[in-house]
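Only one structure is covered here, and it is reproduced in the block below.
Chain IDs A, B and C follow the sequence of writing; residue 1 opens each chain.
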Amino acid sequence: MSENRAPDTVRKTAADGVGGVERTQLQMITRRFLRHRPAMISLALLIVIVLFAFVGPYLWTWDHLVHREVPPSVPPNADHPLGTTTAGNDVLGQLMRGAQQTLKVAFTVSVLGTVVGSLWGATAGYYGGRVDSLMMRVVDVFMIVPLLVMVAAIAGSVRGGTTWWAVALIIAAFSWAQIARVVRGVVLSLREQEFVEAARAAGASPGWIIVRHLLPNAAGPIIVAATLLVAVAILLEAGMSFLSFGIQLPDISLGQMIGDARTAASTRPWLFYPPGVLLVIICLTINFIGDGLRDALDPRQTMERR
Amino acid sequence: MTATDATNREREGTVDRDDVVLEVDDLSVTFESDDGPLRAVREVSYVLRAGEALGIVGESGSGKSVTSMAIMGLLPRNARVSGSARLLGQQIVGLTDAQISKVRGEKIAMIFQDPLTSLNPVYTVGYQIAEAVLAHRNVSKAKAMERALALLELVGIPHPEQRLRQYPHELSGGMRQRVVIAIAMANEPDVIIADEPTTALDVTVQAQVLEALNAARRETGAALVLITHDLGVVAGNVDRVAVMYGGRIVESGPVEEVFYRPRMPYALGLLGSLPRLDADRSERLTPITGTPPSLNAMPAGCSFAPRCPMARQLCHEEEPLLLGVDEHGERVSTAVAHPATHSAACHFSADLGESSPADLFSPGEEVSGESDTVESVGGGGAGEEAAPDLAGDEPILTVTDLVKNFPIRSKGLLRRKIGEVQAVSGISLELRERETLALVGESGCGKSTTARLLLQLIQRTSGEVHYQGQPLHALTPRQMRPLRRDLQLVFQDPFASLDPRMTVADIIAEPLRIHREGNGSARRRVGELLELVGLDPEHGSRYPHEFSGGQRQRIGVARALSLNPRVLVLDEPVSALDVSIQAGVINLLEDLQEELGLSYLFVSHDLSVVRHIADRVAVMYLGRIVETGTTDQLFGAPAHPYTQALISAIPLPDPVKERTRERIIVTGDVPSPADPPSGCRFRTRCPKFANELSDEERIRCVEEPPELEERGSGHRDACHYSEVVELI
Amino acid sequence: MLVYTVRRVLGAIPVLLLASVLTFVLIDLSGDPLADLRVMQPPPDPEVIQLQSERLYLDRSMPERYWLWMTGVGGNGDIGLLQGKFGPSTQSATYDIGANIAERLGVTLRLVGAAMVFALGLAILTGVVSAMRQYSKLDYTLTFVGFLALAMPTFWFAGIVQQAGVSFNELVGTQFFATVGDGTYQAQGLSPWGRFTNALAYMTLPTIVLMLTSFASWSRYQRTSMLEVLNSDYVRLARAKGLPNRVVVRRHALRTALIPLTTVVAVGMAAIIDGTVLTERVFQWRGLGEFFIQAVTANDSFALMAWLMLSGTTVILANLIADLLYGVLDPRIRYE
């Protein structure tokens, strides 16, 4: 059989030319990811931020709480590099704690949402037919509710101190649908692949096929979706906290810091800008990492069609 | 067909510069990529004269399509084009968009491979043809539509008024390709480039489309560049042919010269690796070893040298120029592209003499690392004996009245059943021990569904399948599992059938693991199997993407063999492969059958391959078997009009035979299996029904579905008025 | 086409029903409308709690309450979605949820409409430009801007924009940008031209904020879909016909590349609704966003449900329109 498109021809022959060098799948993916410069820079930056959020509090003098020794409303100076709040918190201490809480929520959401979403999507995709129709209708419902509003409504209705994990649970409960959709799509197309049929022809059971073929091949898109879910969760949590329906005082999160400082942008800019910039950087790095992972894992590259 | 008049004009062979419509000179195309520049086309030169047809043949990656896209200015931006292409004296390489727009469609038009994606889905057919007219002619829209109508008639589309208002998705593939041809004809161009125009189509439809292409040439007087991998299509439709390999033209000349006296080992090899309808069945194919070079690792000298049995030191060092050759094969050092000149790019074309492909490519059946033959198998003479004598008479697999209807469901929540596709409608087959039974038909005839039904991969609607007396259709999946060891499957697409995330060793050992055997010996078994299919046993730790198409198909075969099956169901096992690679896999399958005593159910649309490999053949049409018999019976004396049409639609890779043979052309497209015609399902396209039968006789075809009837010694056909015709 | 339309409309009904169940159950379970009353110091008379609980139908079982909420049959005449009544409010006995929503709807719709139009227009433009100049500096810049916009918390961006507006006003010495309020009150009694400049002053900044996220994601989508179409066989054939580049892009590439965007825009409605709540909060608009925040703060279950049902219906409606539009734009769907 012959092909007609020039770029395809070139791509294919280029891939065929790997020849003598032996490379495992993982090595290839790693190599592609390492070559994605924005993703690599982002990864380095994210690691720094994680250290800042989780190790920082042990090294820095002040925590996020109000202390009598902290002078109120002081602009950045040597003792308080990012200044202090009206109530008397050290902003740098708040920033570390805020970033920590934000990251904890985001990663928890990502893990929970991915697990639930993958299971839901894989089940729908694998069984297909009526089961699929019904399960995806439920996903449709979750897709149509405005996420932030829904989680804010629920978190706001739950009285008496919302902790970070409660926030994470609520966000996760509403953000798995996107993952389910992605995974279902992948499983649906994988199910029709000839290598799956080959396994069935050899007598493999459904369990064998799911574990040996579907999951490893769906891993790429799932990892990418999970990464992007981290960014979604961060923005959701920040939005909730901004509306003051998220993590409650005395604990702090980045969104809450922005919310508290929203009228102080011109008068006390050191309260308003640092948490925002940090949020943007976290989301940006995660999106770039997701982008890099997508490029590295893209089945269109690894499965190399004619 | 109708290429004959054009051919004769060619014979005079005087170079008349005024006659030249397209002159390509030293054209090269380089793609920028992450791995450095890839030289897809190198120093291509040819001349095309008015009204002439030039064929460009080559396998995937040979640069044949890229050349034409470069001429049309249609390459993506990362392509660098150098050299020149003069159309009616005008340089068209490097023109601005505004300038080239005036040339495209007006003086030079192009037809692409895939008719399903070539037309914009959101505009009507009429609009898209009229658009081509309006792009170059200052006429009213109504006038352009009139022209569109006339063009649709010219390319032989029935009910053109109605078709004008339809959208592409309402038309079949063959019809869409004819619409594309109509677009190409719209402004009576001087050159039409057709890039694999029939590759995506079934053979009977291919014949119709080639006919439309010839009508286009007649009507517009355009010269044709026909790009294809199919040597048969080239043989019957062009005057001159250029063979491309590794981005260069390696041989060119009048079509008879190149086909009957090739002067470059590659061209000879291609002809030898082709199973052909007009050749002796028992003759073994002579594959070309190795795989085509990849663009980023071009050999230093002749790009064919690594695969060439004639290669000497010089070949690996210096790339041969494309030079004229005289009747003895001696190189004449005039590089001038005289149209009648036979030229070749081979240092030693004189040494080729009158060798046959077999002399050159398989003198002692050499075996190298990526060899195409299996050394361990019964020595050199293995394939020469005719297989039918060895085939036992004991049926190993029996199919009785097998039916499969796929429900058509509504899209809503309820997924109500709103119809049925009758994919397989009552099929009976017998596969005997050690024989190859071929199941032949065009796309959508139900042959692949039948294959999967036999293996219980999909649920039958009714009917029975017995394997060695055991009723497979009545078994539970659990009971079926041990029997799966005996019945294995090889797929069409070597890219999709191997899990990209597993190593080759894991892929081949998977069936062993599923059946919990060979825990310790699995590794050894994988090595044995790799060796058996002609691959390096050391390569087990690699991943599928590191192998070429032919090698991957061998891996697929190795996997199927891992449990020592008795029956292999082969679903189009070679149709995704290039010709030179295909021959190797066919030989491998023949050798394996010989050595392991396998029974093959060989599903294919390619009658040439089937004729070569099969002992018996069953022809399917719309879910039914219309004719079955031994290969000799079926090809020597086809009785059913459909079989006759199929056989006569296969182009022969022989210019003279192809132009002079008698043809039975079927019209129209295969009806939808959701609503098959009453009575005989073939009657809507049957030439006999349309031309020969009286009205009373036709009633029987409409009302009474014909049963398979014995014609003697196992040759059966399902036609009320069947009559044997000799076609080869 | 008619069959297609009817089928789509019917298909939306179960989703809407399912959404209503989900909304009701979640809001009903998560909050106690009388929580504030119960913790009040000094504790109110149990009879007051009893009365409130009857007024808010808290004395009925959950399925009963759902039935009431949907149909109003058996209620006090202030409840029943199907009769257009949204139920009693915790905020006060006279607070009319329906009237309040109706009053604020205009303010919010104005903002949403403007943001959608501009986001869409700009997204298509940048998407197409990016695709046509793939891998150019411009493409990389637009890509980075897109990523930045997607990483930007709406409310923080709103704060910056608001601040920029104030600085601009100070710099030029005018009151051109109004940074607080929705301008409804100020527009009263103005001439049409006056209304227009008033709207411009009040709406410019919030519109920029609200359109940002949608613009970024739609623009990325448009780029991808445009690239796909530009590499398609039929665009190549259109070029081979001799159509000049701009005609190919406009008539063949853009026309088909816009089709999938309809669905994306419809799904994006949900994100826009999220955005309005945040944007209105920062710019202190008296729109539906503020209504929502009030409802959450007051534990006003029926108001919240009304709000959520309204937004859900909007998104479903948007999807329905997108589906129908898809049918109009793509003949393959039309005849399915």
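Quick note on the criterion: contacts are C-beta pairs under 8 Å (C-beta built on N, C-alpha and C of every residue); 3 or more make two chains touch, one makes a residue touch a chain.
Note that the structure is predicted; figures quoted are calculated from it, not measured.
Centroid analysis (C-alpha atoms only) places C farthest from chain B.
Across the two candidate interfaces, B-C and A-B, the one carrying more C-beta contacts is A-B.
Each chain gets one centre point, the mean of its Cα atoms, and the points for chain A and chain C are 23 Å apart. A straight line joining the Cα centres of chain B and chain C is 53 Å long.
Here the spacing of chain A and chain B, counted between their Cα centres, is 47 Å.
Within chain C, residues 14, 231 each touch two or more of the remaining chains.
For chain A, the set of residues that touch two or more other chains comprises 7, 137. Of all residues in chain B, those that touch two or more other chains are 76, 112, 114, 412-413.
Residues 7, 137-138, 140-141, 143-150, 152-154, 156-159, 231, 235, 238-239, 242-243, 245, 255, 258-259, 262, 265-266, 272, 275-276, 279-284, 287-288, 291 of chain A touch chain C in their complex. Of all the residues in chain A, the ones that touch chain B in their complex are 1-7, 9-19, 22-25, 129-130, 133-134, 137, 193-195, 197-204, 208, 212-213, 216-217, 299, 302-306.
Chain C contributes residues 7, 10-11, 14, 231-245, 252, 255-256, 259, 329-332, 335-336 to its touches with chain B in the complex. Residues 29, 31, 33, 35, 38, 40, 58-61, 63-66, 69, 75-76, 78-79, 112-114, 195-196, 199, 228-229, 291, 294-297, 412-415, 452, 455, 457, 480-482, 484-485, 487-489, 491-493, 495-502, 507, 510-511, 514-515, 541-543, 545-546, 548-549, 556, 559, 563, 575-578 of chain B are the ones that touch chain A when the two sit in their complex. Taken together, the chain C residues at the contact with chain A in this complex read 14-15, 18-19, 22-23, 26-27, 30-32, 35, 147-148, 150-156, 159-160, 162-163, 166, 231, 267, 270-271, 273-274, 277-278, 281-282, 292-293, 296-297, 299, 301, 304, 307-308, 311-312, 315-316, 319.
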